[in-house]
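Order as written gives the chain letters A, B and C; numbering starts at 1 within each chain.
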Amino acid sequence: MATQLDKTNLLNAYRTMKQIREFEERVHVEFATGDIPGFVHLYAGEEAVATGVCMHLNQRDKIASTHRGHGHCIAKGVDIDAMMAEIYGKRTGSCGGKGGSMHIADISKGMMGANGIVGAGPPLICGAALAAKFKGDQGVGVAFFGDGASNQGTTFESLNLSMVWKLPVLFGAENNGYAESTGVKFNVPTANISDRAAGFGMPGITVDGNDFFAVYEAAGEAIKRARAGGGPTLLECKTNRFFGHFEGDAMTYRAKGEVKDLRERCDALKIFSTQVTSRGLLSQEEMTTIDSEVKAAIDKAVALAKAAPNPTAADLLTDVYIAY
Amino acid sequence: MARKLSFKDAINEAIAQEMERDQSVIVMGEDNVGGAGSPGEMDAWGGVLGVTKGLYPKFGERVMDTPISESAFIGAAIGAASCGMRPIAELMFVDFMGVCFDQIYNQAAKFRYMFGGKAETPVVIRTMIGGGFRAAAQHSQCLYPIFTHIPGLKCVIPSGPYEAKGLLIQAIRDNDPVIFFEHKAMYALKAEVPEEPYALPFGEAKLLRSGEQVTIVAFGLMVQRALQAAEALANNGIDCEVVDPRTTSPLDETTILQSVAKTGRLVVVDEAYPRCGMAADISALVAQKGFESLQAPVIMVTPPHVPPPFNGALEDLYMPDSARIEAAVQSIVK
Amino acid sequence: MEGTCERESVVGILANPESGRDIRRLVANATVFQVAEKSNMVMRVLLGLAAAGVSRAVMMPDKGGIAARVIQACDLHRTVSSRPLPELTFIDMPIQCSSQDSLQATRLMQDMGATVLVVLGGDGTHRLVAKVCGQTPLVTLSTGTNNCFPEFREATIAGMAAGLVATGAVLKREVCRTNKALLVEMNGHPIDLALVDLCVTDDPCIGARALWTTQNLKELFVTFAGADAIGLSAIAGQLYPVDRSEAYGLHLTLAPPDGLLTEVMAPIAPGLLLPVAVSAIEQIRPGKTIALATTTGTIALDGEREISFGSSDRLQVSLTMEGPLTIDVGAVMAEAAKYGCFAHHYCPALATLMLREVPAPAPFHTK
């Protein structure tokens, strides 16, 4: 259980969550200045999920992400400078400025891409897991998807296919309560997304997605099982979104004071800090040091991104095919 | 005399030879083995029309049955391809693309561009096209223009057994996503096919018949019909050149333009719908880049803008045949 | 049944859709209890209550589909059947979609006059209800994972029994039993209770709540421990079974297996049999307070880590005999049969003649 996390691991967990939070809070601020183009969906509030899951993964393992993918990228080890530059559409970005926030990917890190299509990830991750099975490398695939995507046919088909082929997959349902502006209580007629696993003969469990340790433990068991050939698991993490569906969303569909209340009561970083300091696992000073390091790193990433060159006109025509 | 092989067996042989050569080649599709989970024998079908029959006994678990769940398994083939495998997924009829198209045109086609050139997706999606089987509107279409429309996909339409084997081997070895369109009315068609593996390059049209008066560009089964028409026309003293582009993406514009520059007349034969189809596409190409050499209007020979009908007489009316091609040629050779 | 109409009889039904989703479904092949089945059980309870003459039932609202399905099923029942159902009211309360809903609903049901509570859930749900149910007796129905406290029983019968006690047809004092409970105090304040087992671990985090390994287990308290128990109490049950009715509980000191200490292979969760070593067992009597030997860790109450504590915290555990009251459904139904609660004899003489093979006919309750 959680005791297997030594101090280094705990510090890493905190650093990852803090990086995600700081990155997203900063993108939120910078977006408001008008410098960031396009559609941006922020992950703040859901840090414990990406971090608790990805801490069990190595570079061989693959993840498929969503339109709300920054957190998954950071947790999977994608370079923050390259991510920020990509969000600014710069040539130095992860995708050379051709993908943007919704398509950040780093195949070398096992990050198979944020995705602009809701529910596109689960079939792809079945393929990644199938490849791992053929290679016999004990690799696993994790498909992150939201409560909205839980209703897509692709998700249902993938739950089925992964059982039919006994694939090493973790379906990580991030239930943040909203599919865009539509509440989960309207969208999902079962009490829990995890209930749906039973229809496929798959274990389905629900954990508090704001509690890093709860996610870490549950994901650890599911991934261990998948690596051992035990097949897929549906893990639902109930969590919260601190920002709108996209940047610029006025969030009039949310209750008055809802986000403020969530930030007070359900903040994954606060919950983590309280847990580790009250038990003497980490000191406040250690976390404060990380806070300032992370802030400096994000400052640097933003400065680099702003200063970076745009793609050239010639870049428009490259990278469609390997050879054509 | 060289060995003759059917279109179907040429495809099967290409897959088998590539699976032999490369362990990362795997095959998946509905009933591609045929018999999984059933009380009878395995390899019962080998695909709905038997194209993959015999692969499972040779390659075991590298040949996989799938649930009838195109989004999941076409998506899985694409995901596996981006993780180092070379999957050959069979989308039984191209008409079924409607249930899985997102994975093809938004995922496979775009990974490389969206991810700044860092993704490779060497997937092959084999799919049946075409009419003539009285299979009606949902099992008879030629939807390759839709795929050709999407940057990032390569589209291959073999016109006979020799092309089928060579183009499929190239498709499997190719590092980009390839959609391979097999006209179901040609599966039994036999021709000479070399036994050893060979790859035919994409984007190179084949000049099947040289001629001076009219260029006929045709795709898939229509190549066979264009050749019949050209033969008949030659007996009437009209000398046609027949060009098979073999791939619609990439498209060998040079061969088409050179041929039209020589003949000054163009008939395009396409079994796809007329609007935004390959016939329209090639007509536009020639209008833009070969206008000066044209001595007559470009003629498109396509089905009418209607879905494929069930009734045999109606379907025969629907499909372009050699008589219609002959008439089209004659209409511009005065 | 005489007198049933004089006073309105109200029964509360608690079924929380949020329960039964924890990690044991993954690590221990535990049951997934679908919301649809919980709603079906509620309907069967309602039909049982109606048969016993209960006029009104109150339920907690939820957003997970139980309430919605029950409303639908009641409407359907009224369309297709002439048999009555109790009038069903849903409590007007905010829904948090957590176990807190069960606590709140339990309090409000009593305010609304419920004299019996039917609880659908596992040890965890029953523990929550026990915290606030006071002297209101419970009819327990198992739907959860590691269940020792609630009974596996057909919901229809549970509804009939609950109804008979609520209407007064069967006297509460004849069929209720008191249960033991373990009380936890932290720094001098009572903070929680457990109905079956209380396990101390040195794992600092609550994490995924359930316990599915034994390596961190330090101490175990049990109110009762069956030799056939499932869950942590099985560790005690394998060595020293204790009945629910005994006036003591047990305190065990645990350790990882080392090849020297007594080792128990215990089914700590469904399908999860793990070895654990026991270095000491002591009986604990009501009123005696035991300070925890562990300085940092978590306390699992009835199988789930609920309390995290550090070296500055003082923790004490004691046993009480004043836990929740539960209704012995078997005893209620035996009484019901004795007095013919569900029988109607149009002609008592014929009824007596009917019992040819039975030597001494029981006296019929006067209609």
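Quick notes on this one:
By our rule, a residue touches a chain if its C-beta (ideal position, glycine included) is under 8 Å from a C-beta of that chain, and two chains touch if they have at least 3 such contacts.
Keep in mind the model is a prediction, meaning the values are calculated, not measured.
Fewest steps needed to get from subunit B to subunit C, stepping only to touching chains, is 2. Chain pair with the most C-beta contact pairs: A-B. Of all chains shown, the one whose average CA position lies nearest the global CA mean is A. Distance from subunit B peaks, on a Cα-centroid basis, for C. Note on chain placement: the centre of subunit B and the centre of subunit C lie 66 Å apart, centres being C-alpha means. Rounded to whole angstrom, the centroid-to-centroid distance between subunit A and subunit C, based on C-alpha atoms, equals 39 Å. Of all the residues in subunit C, the ones that touch subunit A in their complex are 17-18, 21-23, 25-27, 32, 34-35, 62-66, 97, 202-209, 211-213, 216, 296, 308, 310-311.
Residues 1-3, 185, 189-192, 194-195, 197-198, 203-207, 211, 213-214, 216-218, 221-222, 225, 233, 235-236, 275, 278-281 of subunit A are the ones that touch subunit C when the two sit in their complex. Interface of subunit A with subunit B (complex): residues 62, 64, 93-99, 103, 105-108, 112-113, 115-117, 120, 122-128, 130-132, 134-135, 141, 153-154, 157-158, 160-161, 164-165, 318-324.
Contacts from subunit B toward subunit A in the complex involve residues 24, 26, 62, 64, 66-67, 69, 71-85, 87, 99, 102-103, 106-107, 111-120, 151-152, 154, 174-176, 203, 250.
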